[in-house]
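Order of writing sets the labels: A, B, C, D and E. Residues in every chain begin at 1.
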Amino acid sequence: MSKNVLKVENATMQFGGVVAVDNMNLEVNEGEIVSLIGPNGAGKTTAFNVITGVYAPSNGCVWFEGDKIVENYPHGKMQKLYKGQNNGKYSHITAPTPDRITKLGMARTFQNIRLWKSQTVFENVLIAKHLRTTSNLFSATFRLNHAEEKRQREECDELLRVMELDGVRDELATSLPYGQQRRVEIARALATQPKLLLLDEPAAGMNPQETDELTAFIGKIRDNFKLTVFLIEHHMDLVMDISDRIYVLDFGKLIASGTPEEIQNNQRVIDAYLGVSNDA
Amino acid sequence: MSRILPYLLSGISVGGQYALISIGYTMVYGILRLINFAHGDIFTVAGLLMVYAAATMPLYISAPLVIILTIILGVLVEKVAYKPLRTAPRMSVMISAIGMSYLLQNTMWYLTGGLAKKYPTLPWISDKINVGGTTTSRVTLITPFLTVILVIFLVMLIKKTKIGMAMRAASRDFETAQLMGVKVDSVVSFTFIVGSGLAAVGSMLYFTNYATVTPVVGAMPGLKAFVAAVFGGIGSIPGAVIGGFIIGICESFIKGASWTTFSDAFTFGLLIVILGVKPTGLFGESLTEKV
Amino acid sequence: MLKIENLHVSYGGIRALRGISLEVPDGKIVTLIGANGAGKSTMLRTISGLVKAESGSIKWNDKELVGLSIDKVIASGIAMAPEGRRVFSDMTVLENLRMGAYLRNDKDGIEKDIQRVYELFPRLKERNWQLAGTLSGGEQQMLAVGRALTSRPQLIMLDEPSLGLAPLVVQDIFAIIREINKTGTTVLLIEQNANMALKTADLAYVLETGNITMSGTGAELLVNEKVKEAYLGKHKN
Amino acid sequence: MKKNNQRQGLITAGIVIVLLAVLVLLDNAAWVPPMLLTVLRKGVIYALVAVSMNLLNGFTGLFSLGQAGFMLLGAYSYAVLTIPVENQTAIYQQFKNGGLHFSITESLTNVMGEFGTLIGVIICLIIAGAVAALFAYLIGLPVLRLKSDYLAIATLGFAEILRALVQFEKLGPVTNGSNLLYGFTSFSNFQIGTLHLGTVMPFLFSGACIWIVVLLINSTYGRAFKAIRDDEVAAEAMGINLAKHKRMSFVISSFFAGISGGLLAMYQASVQAVTFKSAMTYEILLIVVIGGIGSITGSILASFLFVGCSEWWLRFLDNTTVVSLNGKIASVIVICVAIVGVVALIFWRNRKKAFADKRNTIFLTLIVGAVLLAGQIKFAISSSLQLPLLRSGFRMVIFSIVIMIMVLFFSKGIMGDRELPDLLQKRRNAKAAKASKGGDAQ
Amino acid sequence: GESGGAAAGSAGGKGSSGKTLKIGVFEPASGDNGAGGKQEVLGIQYAQSLTPTVDINGETYNVELKVVDNQSTTDKAVSAAQELVSAGVSVVLGSYGSGCSIAAAPIFGSAQIPAVGCSCTNPAVTAANPYYFRVCYIDPFQGPVMANFAKDQFQAKKTYVLTMLGEDYGSNLATFYEQEFKDKLGGEYKAESFPEGTSDFSAYIQNAVAYGADVIFAPSATTYASLIISQAAKAGCKIPILAGDTWESSVILDAQKGSDLQVFCSTFFDENDKSGTAATFVKGFKEWLNADKQRLTDNGGNDIVAAVSALSFDAYNTAIEAIKIANSTKGSDIQQAMFKVDFDAVTGHITIDPDTGDANKGTAYIKQADNGAFKFIKTQSVAE
């Protein structure tokens, strides 16, 4: 049994009265590709945001590689509003900013593409290496770090080659077609040298053809970079193709989990999410 | 009480004038996301226009005329300096505003030779009256009432009419607002009409108290009014008004307490403290950007 | 009827549309399919006036649209759900729907249409008071489509309405499109989900790098080998 | 590749040496109009502060309007530390026993002579920067959390607070209250024998600082700044600590603003708090935007243009009678070159656009250029003319109109977000690409 | 650079008829001191119209005025001064407002161009600046004069002192006033300063009343002065207001007009003095002013003769005297000659103190603004 990389424990995220994520528990094991699916507004993106530190959960905690990286309990205004369970189980606040979590080895892409718009593809990837630099302001300014800089540049070029983006290396990232932009976002996330890669709807806006390419691609990078992948997606072809396991979320609660076959035949999931004839 | 009353009165009066000016800032900001640096100068121009108008015509003609001319100027500034830059980076529009402010100031300077002009005495409102043992002019009392009435009217206008909703929609996204059929240019013009009109009224109240007009006299009240707008949460009209009164009254008391050296500094200090506690001002909507 | 002739559009130096001619007959569903960056969105943006045409003409009920300002185009009975949702993020869901009906003056009619949108997307009804900016991606997409519906246009243009929607909702969306079409609204649809789009459409055009390379009824293109190969993906058939 | 770099280094070094030599020459030649030197000195100082503001506004996307405040701190720190002891009683006449009773430059001059003065000046400039940086660090903690315009107005307010603070009577023994500080080491003190170095020195100081900023911007930290500017959320998600990097940029920018304040003090040979008003910040912002947000060379070019226009070339507009021939020809040549240069640059920038798109720009550029040129020519041939409209204040009216035209027609600034070397480089690349493509086709 | 330019300029005056000698006029035409600056320029222009030429070495030089605007601020003053240097002037006159003079002094000094201040009363203008001279009295004299006046005229025990924050003229003068009032005359005072751009003075006026001041001493630029006066009048304040020389301006008259507020200022001469050079000057200057509408406008819209105009008139003549004595257009020669100047000027006899470069003057004139005109009250000197 491989050890789990990510573990979300009793996580609840509440915005005012809206419970976006409700007492969620899940695990992602090393080397797996795990998908998170569910109807719109089920709380998938919110779950990602909790995991990556964008939001501090109202209650619950997140473990990464055996360390507790996020923990919170209802306090302040939330104390009165809190509707979830496990109230009182947690008593610490650990709320690192997203950059700290990324540094630990977790990287993500966004549902709405967020590339740095005035930068080329190469620069987008290179900037993501910043968190791995050991040079300080002084040594960086006066180029005392040229060895490291050179190494990072080479790594980035290598990454672009693997991601088949070397052809557009010096184009402005945001001038590329959608599909390639998604790939640049993935490359950028990989440049931070993560152990766990979180992808939020990587195939959104892609046509079936491109979606197929992406499917193959995700498998490839998992193997190449020895990653664990956790992804959100509405394209069922992709999800069913590559997932080792799937979690299904509805109204903030996990309603099912299992292998693709199990999920595809789960009546509750079909009713809530998949619909009868799976055409998408 | 008799020690405090005069300061309170002058504070409320100045506050009301700041409030009237700051509405112009806050409305333009609300819709164009632009700090209209030229607003303080439009206020000054209104003062100068009154100086010239009152010299040749009776008040019942000159006062409305000045308001109309100021409104025309306001709209003109928008058409010349801001409209061509609708799609330009925000910083450019800001610079255009600063440039316009320069242009207005320098032109006034050129025309007046940089000398102070005496503001005409407006009958009735500048008469002296006695309040609780202190002599003050009638304008001191009128200002807060007028301000509050105008603001209530304005808030109704924006809350209850379609143009109010259109303004809020346009403030975030011109293109999509246009896709809903909003005539963005008209909405913006409307904003400038209201803003400049209020600045003209404000200038009459202000200069009635302060006697002379110089080309740069609007700069400080302009800045204060802007601070008032930020203070109240920029974009919010009631916020601007409350901000204006708070700043006016605080200032007056600080001068009363003989910390005059720091009366401006205090205004800004207060601003920084407020923003530190509430980063979007007292009534500003806190924007949650979803990722 | 919307009739486009020899339309050219460029962004700076990039030529996005290179002489497009097409027709959208009244009361029909017409779809545009094509790869990423083919110029589909540019097409819609040009019709609504968001982008200026370099040359060519766009006739809507015999009225020339090229050169009109956006609000005039919209006032002539066209509505558009733009790419990327573009909801008014600091207005509530309800206010967003009201903005959709900005040009209408029949209060009762507007209320009725808003209720209809709520029926179509119950999720939005639950979120009625919520600021649109905090909605989930899919919810925003529903709102963008709903907002276009409340304007009761003669022609509705939808740019990838199914983007980011759950499979169940995607099926619903296409049902809705057929339904509003039945009430007499002409539909111009852009979709990445070419399969569903072609099944729904009366007429379809294929756009490749700024040119129309194929056209025909939806059913015709659905079985066309080239289309299958390029746009439908390996999973189909 | 390496060879190319080496060649570039050599070329740069060559240019720098030639530039410095020319400056020394200008400084000592009798025929040079003193106004040219004024423009060069003030221009290069403004270039530094514009670059520092660009680092913050253009490269990090933090809209701050506190520049004048940090310059004030720098200017005062520099002045207070360098006023010779013997002058202090006279200068601080209102604050008996005022002054620090020591002067860093003086002490060092006593020990090491001329060289000591130079070292002293450098030390004091660094202290000037450090004081500004320290204040920036302190105020940065609360205000850098604010978003765009809120940050702008908070920093503007902070600058005003600093101004009031410096004028505070209780600090009078150090700051001389609201009175002038003067008599400290200034550019005219830089002289070897009869060789004036008053223009070279600010170029050296500013140049070194700007060079450091450029290095910084092109380093990994500079790239992180740009990422924050382009998308904060993405930057944070990619592991860039927002608070730390924003503060870093703010402090560095203020450091250089402080140094430029010190240089400005040297240039003016006097310091008074009233001159560091928000109007000064606006001027610098104008320079940054006119030059192009995010372009260092743009900021530098714009500084010289701005200072030249406001201080020199347009001055004739203020006088009902035009000055006589002295220095006139030089000024006319300089301004003609500037006008033609800018017009050419604009044309070149727009060369790719379709004519319909650039028609307005072209006409306007031509008209404005022609009017300015005609004005210059008229100015050159007239001996002593009474011209209508020309009187005190007209210069500033024209100046603001010029600014408006710049802003309205070139909303991205002269350089956009590109650098001069980039533009040249790109052209070379384009040529190369064309050549290789041609090769492929055959 | 600077000296080279100056030499080239003065040597190379190429007029069409005879040679030209340039005199720089370094005055504010705008800003807080714009009004006063314009009046000084008028005095100089009038003087030049009377003495348009000067003979040097048997050759007649036409005097050409080169007027620049220092905009009343020290930073703009620097470039304005540089402009004069680059125009190649032989002598500089001005400025109204000591700050600008202090800021520009090093520039004139290093270009070796002597400058003659007209109404800049701060001692620092000439102190340690061998090239700066002046024809008026200085603040260490003027401040005590006003303190003595307050004591003599109103038996004042308490003074409220109001100055603008960051304005050196006012705060300096106030300091000298306060010292005299408290240390020598045994009174007490309360000092406050208002920030630049203030337009609401009601709080300050209330403070003065609350303090129970016998007089208010408010030396400030006329833009603020008019606000202070009109708002004091409006608030019904009865305390006499005193100020320095800058207040002798039509702006003050306008502000005081129609109220019974007592406003006093010290000044450099008495325009209604019916005897001697002053009378001739006043008559001639009025005629000259009235001959041109622009001049009248610049003078503030009337033909009242300001003391600063008289001073600038004297400054011009002092410069001409020095040039004659030096018999040279060279700055350093003229500077040496300054100390030998000795003539009867409008504002009194002028000789220059060899240590400071200031004119030796010992009396001030006190005037009251009284419904549209200045009324001469008395001459005042300092109690020993």
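Going forward, a contact is a pair of C-beta atoms (placed from the backbone, for glycine too) under 8 Å apart; a residue touches a chain by one contact, two chains touch by 3 or more.
What you see is a predicted model; the values in this text were computed from it and never measured.
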Exercise. Where each step is a move between two chains that touch, what is the least number of such steps from chain A to chain E?
Worked result: 2
Problem set entry | Shortest chain-hopping distance from chain A out to chain D | 1
Problem set entry | Chain whose average C-alpha position is farthest from chain D's own | C
Exercise. Which pair, B-D or B-C, has more C-beta contacts?
Worked result: B-D
Exercise. What is the chain whose Cα centroid lies farthest from the Cα centroid of chain A?
Worked result: E
Seminar exercise, completed: dist(centroid_CA(chain B), centroid_CA(chain C)) in Å evaluates to 43
For this session: Mind checking the centre-to-centre distance between chain D and chain E? Centres are C-alpha means, answer in whole Å.
Result: 35
For this session: Return the distance between the CA-based centres of chain A and chain C, expressed in whole Å.
Result: 30
Seminar exercise, completed: Each of the following residues of chain C touches two or more other chains, namely 134-135
Problem set entry | chain D, residues touching no fewer than two other chains | 163-164, 167, 233, 237, 392-393
For this session: At least two other chains touched by the same residue of chain B: list those residues.
Result: 109, 113-114, 261, 264, 287, 289, 291
Exercise. Where on chain A does chain D make contact in their complex?
Worked result: 52, 54, 97-100, 102-103, 107-108, 110, 114-119, 123, 126-131, 133, 135, 137, 140-143, 145, 149, 152, 188-189, 192
Problem set entry | Footprint of chain B on chain E - complex, ascending | 29-31, 34-35, 38, 165, 190, 192-200, 202-204, 206-207, 210, 222-223, 226-227, 230-231, 234-236, 251, 254-255, 297-298, 300
For this session: Would you tell me which residues of chain D are touching chain A in their complex?
Result: 212, 215-216, 219-221, 223-224, 226-227, 229-231, 233-243, 248, 294, 417
Seminar exercise, completed: Within the complex, chain D is touched by chain E residues 1-2, 4-5, 7-9, 12-16, 20, 29-30, 66-69, 73-75, 78-79, 82-83, 85-88, 99, 102-103, 105-107, 110-111, 123-124, 127-128, 165-168, 171-172, 175, 193, 195-196
For this session: Would you mind writing out the residues of chain C in touch with chain B in their complex?
Result: 48-50, 69-71, 74-75, 79-80, 82, 86-91, 95, 98-100, 102-103, 131, 133-135, 147, 151
